[in-house]
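Structures follow.
There are two complexes below, and they share chain A, which is joined by chain B in the first and by chain C in the second.
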Partner chain A sequence: MLNFTSPLFFVALALVACGLYILPGRWRAAYLLVLSYGFYAMVSVRFLALMVAGSLLAYGIGIGIANARSDSARVRLMLLGVGGLLGGIVVFKIGGAWHGWLLPLGLSYYSFKLISYVIEVYWDEDSVERDLTLFLSYPAFFPQIISGPIQRSEPYFQQVRALAARRLDSAQIEEGFRLIVTGLMLKLLVGDRLATLIAGVDAAPGSFGRIDLLVTIAGYTLQLYADFAGYTNIALGIGKMLGIDGPPNFNAPFLATNIQEMWRRWHMSLTTWLTDYLFIPLTMTMRRYGLAGLLLCITINMALIGVWHGFTLNYLIFGLMHAVYFSLTMLYLRYISPPRGKKAPPEPRLRRIVRTAFGMVLTFALMSSTQIFFHSARFDQAIGILRQVFGLIPSGARSIGDIGPGAAETFVICALITVWAGCGAPGARRLSDRIAPVAPRWLQYGVGLFLLATLTPDSAGSFVYGQF
Partner chain B sequence: MIIPRSIGTILASLAAALVLSALACLLPDNPYQRFQLVDGTLFEPLRRGYERIHFDPAPIDVAIIGPSKTLLGLSAPGIEHTLNQAGQTAHVANFSVPASGRNVEWLMLHEAYKIKSPRVIVVGVYDSPSFYGHPSFRFVAPARDLAIQPAPLLHNYFKDLAYLPARQVLLAFARVAPGLTGLRDHFDPATYANTRADFTTGSFVMEGKTINMALTVPAAVLAGQTVVEQKATLLERLTRRFVNRGDEAVYMDQIVREADAHHSRILFVFMPVYNRKGELADRARLMAHGTLLDNADISDHAEYFENWEHLNHTGATILSDRVAKAVAKLLSEPAKS
Partner chain C sequence: MTADAIKHQLTDIFRDVFNDPTLEITDEMTADDVDGWDSLTHINMILGVEQGFGIRFSIKDVRAMRNVGELVQAIAKKRAN
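Entry: the complex of A and B
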């Protein structure tokens, strides 16, 4: 398969992007479909057949719902579609966790797209898409197939229809290029380097000191962000080059001052998907149970986010830890918020700054604590790390610097870059604009490409979220 | 044709990256640090070879170059001992390195001639020479030798060249902050002394595999290991013709030229593999440039092999003895004019 980080992929991308704009408008949707299926077929023709089957099921169900004469028929069709698509995910996730099955590439992502489509059509029959070519290209759209973002159907269909009449958009191409270069830098120069150092600690965590272990745990969060946000930038950049804007997945998550806010800024396309299609319907159903119902909904939602990554105990604990943190945050915010109708007294500036800073650090620490379970392959590994962190078993004397020459310095530099990128994704653009008079954009990108050429580790790691 | 602004920006940024990469290739480096880039890898003997040339005051009268076959099959101390017994004092250095590729063999020879004056060059030759350059060449070769190679379109040229900017940036940084890169800027006698120089005895780990030179392997096991050489496809044959018959021929010419320029004699040593009656490649050409020591008879003796393509201690002792006798003869001849 062509990897999103390989130079060959970008040569191919330049060619296919040229092809798209050379083709007559009416062929462009079909072109995207052929490209996407071709890309997927390079991974597995068998799994491509599975995606086509799921897509045809959703297509048929959508038309069935739009044509149904009774509400009960519409409900039955919707449940059949959602159940069938969810069933596929569940079967493969269970098979993967318990029997070591190979998970079809992007199964969760394209299934979630199709489920959202079925539900949208159920809610609004006008959302139905009857153009089969256009429809099939939606779940298969190759920039989003590996790890999302999970784009909703309507914005996608509108953009592909508009693509037919679209000319080469200079600003969009440049923005796509910028996203790809920054995404590659985040993934290859930061994420993969952090991953190498973390792997050095993972090889024998017991031999490292407690402080180094705590730093490494913080590194789990930073590495995940650099990897996933880097991938997302690349995916969005490729989409832009092909004339399709995807939804954002991150919005400065390290600026979040509590876990609730963090989830509004992290993996946004998944959290908004779950909010729209699970959390809100669930809370509507459970509202008669008051606070207990709400807490139950939060727990179900977070547990599902956990097991969506895989049917393992560690992922379930990851989700449940978030449920606890989320619920406690919600209760605390309710407790400190003024009674209805009353305005909160103005907060002194210094106190606000301290509270915000404390909130950001605490949120990051809580997020990192859940990453112990997310990152560890087995439950006993995670428990072992926790026991060591809390001093229940003796720690070793090694430090991160012992992994290799310059390891500690590399870790600190990568961590700072990740925090900077994670705090200022929108700000990064402003910085680019601000220095443009001194260093024109072509020079900025050129330096970025040069850094990629010279500092990329010998072997690029696979994307963390590609496995989900 | 009007190029859209964004395409212009992209092309300009690619050009900027290219210019910066070209400038990076010009960054100065410390050759000793360059040779340390292979530390901890299969190619570590290269670093030791560099230290033998530049930091070990002992002269080099006989230099051995070749791949793992000559590394495991020829004992420099053994040859020295035999020569001494024959009344000839000569210092022998084995610069062989695992994996095939004549370019790095030429490089070691070139490096040796900078400081020492080897009178005889022992070159391992085979029935199926490698068509490609050595995988370590990009790490240890000077930037100039990577950028300007002796023939166009050598196999690893673009791959090696693509690595050059990254390497030069690292090496330039290593000159300023050697501690942060783990690349020493000074010679460490202890490290030199602790690096294995003779691979024909004892046991050691190479590429994660323990090699026991004292081992005698049953013939049936060796026969099971033997890899039958695949016949080259038409495309491969055409490509070889197109690219000067590959790096082997190009750099063998370089080796011969280098030896001739320094009036050294060349001893080509045929290193057979177990039970394969392959004909030595380019026999006539080799004989025109030096003396050929044909060891095809060894191929039949299972008791001489550690595995199907490498000799064990017994085999290495026999071969080293043969090489010593041939070298003694060459050393006793008047210097080449």
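Entry: the complex of A and C
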């Protein structure tokens, strides 16, 4: 199968991207649709039919809402559309968690796109899209189908319309290529190495020492970031090659100094989606209950972020832990923390640095504690790890270095690279510019490709977020 | 209620919600200009405004506001009704 890490995929991409710009403008939307359906059909024709059915439902509902004469008809149609699409996700997620069903590729991602479209049309009838070809290409857009990012309809439609009149833009192609190469490096060279080492600990966590287990738990967060941010860069890069900019998913999440800030920087296309379509409407409805209502809305929102990943107890606990951390952070910032602002009394430099560093480390540690439940397949596995961490059951004597030759060094190097990337890769642009006179951009990309060709582990390939 | 009177009262609400006793608001101010203005503080601010001015916004109103100036106009309109 063609996937985003196979060299064959990128050969095909180069050809289809050329095809896009050779075609007359009016055919480009149809071309994107054919490419996207072709990509999907290679995975499953049966599930393609499901996506087409969901898309046609949202298309019809959108036109129905725009043409409806009464508010009550608009509400009914919106509820029908949202209910139908959510129902599809719920049925398959339950089937997947409880009966081992195969999940249709990208179901939660394209359904969330379609739901946002239906709600947007309900809020503003002018957002309706009547061009069927253009509309169908939106949920199916293949760079975003495996794991998002979840793009909103309006910016997508605008960009595809503009594509009709566009010429090949070398800056956009280069930017797309840069995103793909850096994304592949983060995913294949770093994330997949961490994944292999973590799998080595997962095989028998009880045989490892407590410190090594704690380091591995930090590794869960790092590996997830390297995997998912790597994927997102690749997806955004492929989109860019085809002239479509997608929304960002990460904004240097490891720089966050509290959990509330972390959620502004992590999986942003999902969190902003939930904010707009769930959290704000829900909080407005519950406003008469004051602070208690707000805390309940936060809990519902976070619990749903959890079970969005799958209908399992572990994902629910992951969400509820975040709800507790998030609520405590909000209460602290609102009622306890000293006033901030430009005119607040200046804080001594050293104290500011220590406070920021402490906040970053604490946020990372809290995030990693939730990852124990996110990462473990079963509840009892997560509890076993927690008991070992707190010394309730004895730990073994093995260390990460015992997994294989060079394992400890590999872990440290990959962890440091991931932390650097997760802090926004400070200095990378400047370094690239500085060495450009000696090693021009094409040579830098060449080095990246060379590293990918020589250092990619054999086991590399599948994406963590592909299963959601 | 004049726009100046609204702004005066709104400043107090902003200072409380954003925990910054020296915050000054301007018409052009957006979420990007204020430290800690995210979806959560935004909703806190909207609820504070509703309580302070005795008005109620719809989700549509909340989504339509793009800066503080538009918020002031929305408050004036609601108060006039």
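The rule we apply is simple: the second predicted complex is superposed on the first by the 446 of 468 C-alpha atoms of A that agree within 3 Å, B and C clash if a C-alpha of one lies under 4 Å from a C-alpha of the other, contacts with A are read in each partner's own complex, and residues count from 1 in each chain.
Note that a contact is a pair of C-beta atoms (placed from the backbone, for glycine too) under 8 Å apart; a residue touches a chain by one contact, two chains touch by 3 or more.
Note that the coordinates shown come from a computational prediction; the quantities given were computed from them, not determined experimentally.
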Task = Mind working out whether A:280 is in touch with chain B, chain C, both or neither, as first, second, both or neither?
result = second
Message = With both complexes overlaid on chain A, does A:391 touch chain B (first), chain C (second), both or neither?
response = neither
Task = Based on the superposed arrangement, let me know which partner A:334 touches: chain B (first), chain C (second), both, or neither?
result = second
Ask   = If you stack the two complexes on chain A, which partner ends up touching A:455: first (chain B), second (chain C), both, or neither?
value = first
Ask   = Now for A:345: first (chain B), second (chain C), both, or neither, which partner does it touch?
value = neither
Ask   = Which bits of chain B are touching chain A when the two form their complex?
value = 4-10, 12-17, 19-21, 24, 162, 165-166, 169, 179-183
Note = In their shared complex, chain A is touched by residues of chain C numbered 18-23, 35-36, 38-40, 43-44, 46-47, 50, 57-60, 62-63
Remark   = The answer for chain A against chain B in the complex is residues 168, 170-174, 177, 181, 404-406, 409, 441-450, 453-456
Task = Within their complex, state which residues of chain A touch chain C.
result = 123-124, 260-261, 264, 272, 275-276, 279-281, 283-284, 287, 294, 298, 330, 333-334, 337, 339-344
